[in-house]
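Per-chain residue numbering starts at 1, and chain names A, B, C and D are given in the order in which the chains are listed.
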């Protein structure tokens, strides 16, 4: 009954690979059975063995894994791709071509051409594709989305999104996580842009229910020697008339993982902060603010469906991430059985979110290069 | 490399059983392979099958399971006992006698005689025993303990512990969780006392580093028809001269799972709230308060050892619970191999904590019956 | 149109005298016109001059001031007594006898005999008497009281009151404020008890709407050489069946002026913290918590009447204190004109609150001396 | 020893006039002795009488007041101008010409020409001029400024300023405060821009220690029929290389008076929120966040000088406003006596801040009209 999961990347010392594995385990919907965990075949196999995988599914590289898994009768149901950004496109394409569902870390790719290519392959092969914009797995993120969709704050007017960290406020020589994120060859054209601003942008559009239409961006590199932005300010215009600000920074000393979203509509306002994920402040116009709590009264079915334990027993980052895996299991199981996936899977970020994210990064880079020119998100230079 | 886990209780609709299973899975140290999940043999087996257990390890009752597992060469490494309180002693005794380690929910037993009996069996059989006072698995709880032990707040003067909930503020006819907790035959002599005050008491003594010496208690039953206390106020005296207050309530409307501990010493103070578990407020005398964060600067090795993901990526209740399982795995694996367990396992609550908890409940009941008489915690009536 | 105020005490370096003067000025209802500010006649007069008082109303001592003011046609409308506790009774008696209204700092007196004497004099002379339990002047304290009286949380079950400070966590040799508070001859029998626990007790009874019936107390002196308690734990029983805990400490390192009140009833709960005085958390049973804000929606007339500026523009300690002076002006002006005082003056703490406070202190001292014996608050030893 | 204050505007029903009067009273440095409180001479005089002013200083209009006060030997030391924006220039000019110091509400004027004119008059007459950017009177605002100036966070990189309210989220027909603020003839070219964004801009520059160099703005009118902006987003560039975002909104449902400033430098970060004005979060890079409290340890002399009561006894909006008046008293008294004003008066916003504010408004309006073009703040179109 558990689905079989493979993994590309996420070996020794990787941060996000371990997170994916914990997230996949938590709800007992997945068994990790195969993987190519490192660019070094020996390390890859050794790491797989250390996870308890059977020998012949500890692969030396992702190409071999795609070929061999595709050929097995007990092949994996999905592959999780948790490599640096430049190594998303290749594996994703290979597994999609093999008809194996993909759960891919964000951003989708390092460039729009690759992204469009993946989108075409996914469509042609009709294979499920999930992008781990994990913050949308938080129950209260889904609560916001459902409240906005349900008209509880009226027409959205203002969106304030921010994602502030400080771990890159100083140079971090020798730090593996910092290295690839600061290298345009591996990270793509965005630094903080690709790493965290895309999360904030996705969350904002997830809650608003539509991508933005145009953006105007200012990017900075505050730490000397840095090749990619470490701070980015974006203004957003939605076609609906909503206006937004987005700030993402990795040099904001004192911030840790400060993803915050505030959405204000004609008749209500919502405020959420990722570091207190179980709480949502909701103000109906002219009334006192309500503290909505995960697991508590006043929640939508979407929020209840994404919750495991009672209010006051805090769920956190891993539970939000696990929700993506739980929903992905529903989606992929339904796909295999040919049945309709449950409605909750509509909250899953997929290829469309991936394309929007890459467009956001590229438009931000172009806008910043042109002194903040308003740039349409579908103004693809390709 | 994973240890094999069995479970007693925790079937359909149980709250804490599901929590134990998630906690056991999270760090990939355990595989659930056997269980007797219900008092009804058919239900028990059906539930085991629904979890994917092999047929012959879906047991109809715990007695059979103890016997049969004991006889297997691939027997479980530990059994998790997640039944109502009155069903802790029997299974725990049976598995200890079989030399199988026990991970038991709290409170240890419904009475001191049973508790002392279990303690004797555990000692005689030299079998590991872990009590899931899960809140002590939070990294910041361990941080507090390590700071107090390290003298960072000087001699402890004052302890303020509280645990406030509101889910029992109204009668809950037909609620399975409420039913057994309100039934002296299944819960034992304490209502809120056994269910939550013991957690607060354990946490306080865990951080202070010593059990209290005497207590004075006042208990109330606010909801009509209730047979056990739903609110309890306790004063505590430590032999060291420290003084404490403990309040536990299940009728405090607006509280969800408000376990809070504040400890003040001669040269510093600590404040922690379970609903924001990653934060600890630390004030060195005469200096500004510091916000210590899980995963952030200023932490002890004990806190770092209990953390999975970086600061700002909230860990929660399940991660704290999982820490108990991770440490239990270390303890039990070391026991099996005859090696010394890692130092982190000294943070694990075990039989001593269980005895202290039962003594606390019984002394509180006696004190309350005598108008708050100061009652020694070792003044056993047996 | 402004009332004329005199002051006893509050000279150079005094804390609370300056507070009273700011509070009296804020709403422009009072002019300070006379005073005896110090036990040293020269200092007293010099200080009066420094405040701009006319020469002949800068008195050398309070006895002279009472006599001379009583004889003036433009005599003061009220006298503020802001001396250490042992110097409340004498001046209060003298001015009451002169028919001059008294605004007195708390606790009323250092002993019950003096308190009863004052009560008798006030009654005989029918002269207004106000006790500056200033925290009851906060709009949200009045909001709580009005909500409880209006049944919005149902029958009160549990009261949790606390008042934690840390400024006495170390000996403070030579500190004028600490000196008299630690001297039984000037402070009376209570240390933290008289200084802050009485505030917490008053606030609790102000909100509940009734004094407690019995208390059980434990007092501690943590700092070596201290003659009076610096930490006190009290349990409270109301005749209505409500139960409470009160903790007051002046050695809780990290606390500043942590007066907190939580009141839980059958159908709702209230939580308020003096350091964020504009906010009140209100939870109707089974619904999300509401954040009520001073000046915002959902407030009672009593709260609106005590507010000056819009929500979000924080009012603080001085504004709460000023409210006592504003209401006292209403009360005293009505008394002078023989008209009925406005309903808001019913919120003013007066002689009854003063007696209850002294009874609370004395009962706590007795109870603590007898190991926490439950002691009736009207069990006067006189 | 008190200085004599006159007032222009602030009659019946005015919000800010009453605030100025409370602020002026609090520290006992001022006596209100004269005023022209309304455009209607009879109302003006009646209101003056209701405040207890002597008959011949209750003026029918500000022109008469300027002439007559200038002619008196006991003329006022300063005039407070608390009229709608379009009525700042005329009175300010008249009193400056009379050599009477001016304490003027913000923004300075409704256009740059008037602002430059006032600046010239103030310079020619060498008369003190204070602009009530009251939020810079908060002790913790001054703490931030002193810390930045003292290098405690290193070179400033990022400034995040915001000021969110919701009182204009709906049309407010007949609301006097809303009416003039929404009328370009009285408010000038900015709605939220002039009313609150200027406060946020001033606070940011006050803390950074320099005005911005260029801005790029987007303004919105969300409420139908509104003639002026009710939401504004601004990006800021400082010549130093610092980058900032500023958001001001009067339609953010759930916000009350949410002025927030966050400043991040190379070696530290600061976060402050006006609704909790006594707290400042300070993070030295690589260390735990400190909670600095007004009146507590770790503060600069500038913060101590602006504080009245101990930590934990909250000061609020009126105290911050009062600080402007207290400092203005120092400045004006020094001016009269020909002595050097105390160093604390350097924190007072004056004519330079007024000019910067008007330039900010005008540049924002121009930038917004040109789709967010980066606009220099000294790019005056005059």
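Here is the rule we use: a residue touches a chain if its C-beta (ideal position, glycine included) is under 8 Å from a C-beta of that chain, and two chains touch if they have at least 3 such contacts.
Computed from a prediction, not measured in an experiment: that's the story for all the values here.
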- Message: As a test of understanding: of all chains, whose mean C-alpha position lies farthest from that of subunit C?
- Response: A
- Task: Please work out which of C-D and B-D is bridged by more C-beta pairs in contact, and write that pair.
- Result: C-D
- Distance from subunit D to subunit A - Cα centre to Cα centre, in angstrom: 43
- If you average the CA atoms of subunit C and of subunit D, how many Å lie between those two points? 35
- Message: Can you work out the whole-Å distance between the CA centroids of subunit B and subunit D?
- Response: 55
- Residues of subunit D touching at least two other chains: 255, 281-282, 286, 289, 293, 296
- Note which residues of subunit A are touching subunit B in the complex, please. 1-2, 15, 18-19, 21-22, 25-28, 51-52, 165, 167, 255-258, 274-278, 293, 295-296, 308-319
- Residue ranges of subunit D touching subunit B (in the complex, touch as defined): 281-282, 286-293, 296-298
- Message: Show me the residue ranges of subunit C that touch subunit B in the complex, using the header's touch definition.
- Response: 153, 157-158, 160, 162, 166, 169-170, 216, 218, 220, 222, 231, 233, 235, 243, 245, 247, 249, 251-255, 262, 264-271, 281-286, 289, 371-372, 374
